[in-house]
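Two complexes come next, and they have one chain in common, chain A, joined by chain B in the first and chain C in the second.
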Partner chain A sequence: MRTIARNEIGRLLDGLLAGYAVYAPVRRKGILVFDRIRSGDEAILDYANTRTSPKHVLMPQMETLLSSCGEDPGVSEHTDCGKPAVLFGARPCDARAFLFLDKVLRDGQSRDVYYANRRDSLLVISIGCTQPRETCFCTTTGGGPLSAEGSDILLEDLGSVYLAHVASSRGAEFAAAHGLLDTCEGEPPGSGTVNGGLQPAIEPPVDLGLLKAALDRSFDDPLWLTLAEKCLGCGICSYLCPACHCFDIVDEEAAGVRVRNRVWDSCQFSCFTAQASGFNPRPTGRERYRQRIMHKFNYCIDNHGMAGCVGCGRCVSECPVNLDMRQVLAAFGGRRGGN
Partner chain B sequence: MTDCTARIREETARLLAEGRVDLVIGFEEGSLPLRATPCFITEPGDTGRLIWNAFCSNNLARYLIRSDRKVGIVAKGCDTRAIVELIKEKQVRREDVVIIGVPCHGMVDPHEVRERFGDIRIQTVEDTGGKLVAGDGTALLSMNREDALHRSCRVCVQRNPVISDVLVGEEVEERTRDEFTDVADFASRSAGERWEYIAGEMSRCIRCNACRNACPLCYCSKCFVDETRPQWVGRGTDPSDVLSFHLMRVLHLAGRCVECGACVRACPMGVDLGTLNRRMSADVARMFGCRPGLDPGKPAPLSTFDPDDPQDFMLEP
Partner chain C sequence: MRNPYAPVRMRVERNAVETEDASIRTLSLSFVERREVFAFVPGQFAELSLLGVGEAPFGIASSPADPDLLDFTISRAGQVTTELHYLEPGDTVGLRGPLGNGYPLEELHGRNVLVIGGGFGFSTLRAFTSFALHPANRGDFLDLEVVYGARNPGLLLYKDELKNWGRRDDMSLSVTVDNADQDWSGRIGTVPAAVKTLQVDPESTTALVCGPPAMIRYTLPVLAELGLRPDRIHLSLEMKMKCGIGKCGRCNIGGSYVCTDGPVFSLARLDRLPREY
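So, the complex of A and B:
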């Protein structure tokens, strides 16, 4: 059994700061986010989850892909991601989102070199959940409060100590190289019960298989119009989502430096599908909201074998009009036991 | 069930049954504690979904834009202020809207309630006699309702509907005059300090456009930030682009912002848009003697010319 004492975490992170860019949950003006820390004691350990997801560590909201300068015909590719990084304190849902992003951006038909380079130099140390929020639905989408998918090391919170589950060979090497973990006698409490005792607290309202089958038949369902009626068409759900990854490419120029930037984009924006001809294949909220749900719970399962949602609940808790995706999924007949 | 809830249901059923409207926009119970959510009722049999409580904070006037139906709308003071401006700007025809006006005691900010009660898992909230009583199934905790209001509600000067076709509930007493004391401190700081504060706030913006989309007066069919030929404002988080978006938005709302606070409530990052908007509203009030949405007969200050308009900005200081 390998453990690390809670009050040793600060020292552990301090030790990593020399060699790694360390990201951890911190409070910025009252809002919890993942950000670079400069000292181990900045990391917040008592939290349900952060307001924004940690996906920006792998896919910044804005990044420069290419640049060129003045009369120089050469183009620089900005593929170097700098120092290797450690993401400390991700929740299992967010770590699982990395598994999904890997399928789309790194391991699939096309390899996004910018994402892949960051991902390959990132080590993920996640912390399992002890208290699900009222918006959590990770178990619906195949995860769980102690799921280690996407993590290299999962820490199980036992109060004054964390029990470490090494979840990848890189995690094992890392733990050994940094002397991260103490070894003591005894059986690991949570091992073998991936979802611990928490699973019943997060009732899966839908069955993903049934939902997918229902969505296959629902492209023209009038329900989309009703469901999308109150949607404001903002990008909160997409931008807070750990799995949404759509982007726009923009070329900009200032003071003789030309850059090609990638910026996050959202399928909920009207200009997302606006074409140069002036035609927009998704002209209203009905088509745009349908796309968001279909992409996550239908097309992603076809294309990547995994839903594009990890049930973190950020879209549920932060939607300004309380458009609750769980209700939308249930409305399509994916309820367990049939509907 | 509160009296207001019962009356809203009754009026909605009547309007639909009489065929005066195609739908009524109101609120129903949200999926989470401390939340109500907009709903659209088209059948008299569905009126039982409608509610009225301390969490009906969305500005429903936003849903009137580009509607081609006869609409009944449940409206607080600020919602009616927005409707007044939308009518003036010819975005809504008065005869197409039936306003079910509801005097408002101020809407409660769920964040304030959670902040006060810490980590208890709130399941119920009672709103009685100026107190909010939150319960987690075992214990009950109480706080003053006034302490939990949204910022915009704390400085609201129009809690009763400005215009309505049916008034539901007792009129409430309007509070004392608003002297913009909430932005007095900000206004008194040096330009450098103000810049630093606003730049700090903007650094948290994630460009989700929720402020714009929640706003009942942001109805341009193509917003300047969505222009791509040419691109007016960069779409990323470059500080100059973020600031350009917010400054141009606030200036476009000068003389039109009804101070409902919908932008502030929608922001997922807690960006202090309120200070920027309220500072602008203070200028409009001082320079033009205008509080948008309060007077249906008064033309919008920045779309009309008056020889007495302040013109010092055109002269040497």
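So, the complex of A and C:
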């Protein structure tokens, strides 16, 4: 049986750097984020989770879709994503968000080639959690601290060693090629092979099915107004969310170079839905906050069979007015059998 | 693999002023390099693209019976629409599409069709009407009745075609204006008022409606009075759009996306969606 010692990780990552763009948790300007590393020992292994999500690895905050230059009628499409990449150290919630993004961007009626190309050349090695943060609610949304959904390989953290669980066929190929044998031979993570006791318990505060049924009846609930009165509409929740994927497309022209960029956007902004005529179907915070919750916990379940939230808790911990998603869900889902 | 964000190149063949105030123009576009047949149904739309300026969605205003020349009727509203107005014959413009679902042609087969439009929303209804009048298609539909209105005569679109349609005996046409001028000899009044005067057999009639929100709001009760069931009223909606392919997340009404599930919805379906449009 082979486990990976914690102090072997640096060398493992060094070995990958020749063939892959490697993203790992690092500190940049004092903030823990996922970024490209140049050497394996840059990766931080001691962390609850990063401040920003690793979504930008698949969907950069801004990317150029098309460009053209001068009188040349040719248009460059910028769909080549370069070197294959490895995302090392994603938390299970963030890896599971990729599964959701896949459904929207890659596997829908039309394939978003920019996302799909990056996704298809990305290998996700996630690390299960032993110490959930106070704001974590992954179990509410169908995941868990040892969920392997969306990962190719899940490392189960046993303290001084990691146990590798292969979670996809690409993960299996990769593991074979890099000596990361699946030590658990099909045993689910945390099932007690070595130390099942490390699976932490996070009490799900809300039942997703009941919540959805409650939201189906709650479009005109006065609670939306109460919530919106607190919300600043700053959109930080969307920007930090690993599952938020709404974007704007913005053109620019300078010195004869014309570009069309895709940039992250947020349903919390009034211009998101304002029409050219001036009419706005979501004119106030009430409609916009409702859209955020309804989209994630109602429409996404209908359309993709999965909530558009993975419970990473970033929106909870970073909201400037402490609008706590868990309390919002409990307020709607909690009134079971009620109105 | 096709890049759904990459437009094909179109050549501007014509750019004609439609309205007296020149706020609305119709562009006729041909394909520069034809890769595949551009198959569409009336009611679908496309994104017109000027790289470096932007993209915007517009209903396809011409009939699929003439797939080589696509018409778009464009009201000047902002950046992209203004630049489109300035295009000249020979210029190129990008096109992504066809997008959306279009009018439910199969459901209309063998039925009377009541076409109700106002403003630039009439563009896709013009596409439908020309399509239905084509000799190869006319037999698929029973009576074809068109009601079209504008605020004043100067704002009426497709004047030559209206003249021609008014002379035909295989359709009927009512054109109405809210405010007339001295030269206007036609009907005066709103679209809903004109619809109210019609004799329709609700059992065999399906209505297609596209126009400004106020027109729609006042027309729907009239259609209900005429006895049309909600599943036989089809509305084409407008929403702020960017991607047009169900990804950018801004055009939804509840769980339905206007860009992919619409823009045409039956009233019965809309009644099941939240009122957020």
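Assume the second predicted complex is superposed on the first by the 310 of 339 C-alpha atoms of A that agree within 3 Å, B and C clash if a C-alpha of one lies under 4 Å from a C-alpha of the other, contacts with A are read in each partner's own complex, and residues count from 1 in each chain.
Just so it is clear, a contact is a pair of C-beta atoms (placed from the backbone, for glycine too) under 8 Å apart; a residue touches a chain by one contact, two chains touch by 3 or more.
Just so it is clear, the model here is predicted, and its values are computed rather than measured.
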Room on chain A for both chain B and chain C (clash or fit): fit
First, second, both or neither for A:Thr130, with chain B first and chain C second: neither
First (chain B), second (chain C), both or neither touched by A:Gln109: second
Partner chain(s) touched by A:Leu66 [first = chain B, second = chain C, both, neither]: second
Which of chain B and chain C A:Thr284 touches, first, second, both or neither: neither
Which of chain B and chain C A:Glu77 touches, first, second, both or neither: second
Which superposed partner A:Asp248 touches (first chain B, second chain C, both, neither): both
First (chain B), second (chain C), both or neither touched by A:Ile31: first
Vertex chain A, arms to chain B and chain C (CA centres, degrees, nearest 10): 90
Which superposed partner A:Phe269 touches (first chain B, second chain C, both, neither): first
Contacts of A:Leu232 with chain B and chain C, given as first, second, both or neither: first
Smallest separation of CA atoms, chain C relative to chain B, angstrom: 6
On chain A, positions contacted by chain B and by chain C: 248, 250, 252, 265, 274
Complex interface listing, chain C residues touching chain A: 1-7, 9, 49-56, 77-78, 81, 92, 94, 213, 238-240, 242-243, 245-255, 260, 274, 276-277
In the complex, chain A residues that touch chain B: 28-31, 51-52, 61-62, 134-135, 226, 229-230, 232-236, 238-240, 248, 250, 252, 261, 263-266, 269-271, 274, 316-318, 320-324, 326-327
Chain A to chain C touching residues, read off their complex: 65-68, 73, 75, 77, 79, 104-105, 108-114, 116, 219, 245-253, 258-260, 265, 267, 272-277, 279, 281-282, 287, 294-295, 298-299, 302-303
Of all residues in chain B, those that touch chain A in their complex: 30-33, 35-40, 58, 62-63, 121, 200, 204, 206-210, 212-214, 226, 228, 231, 234-238, 265-266, 268-270
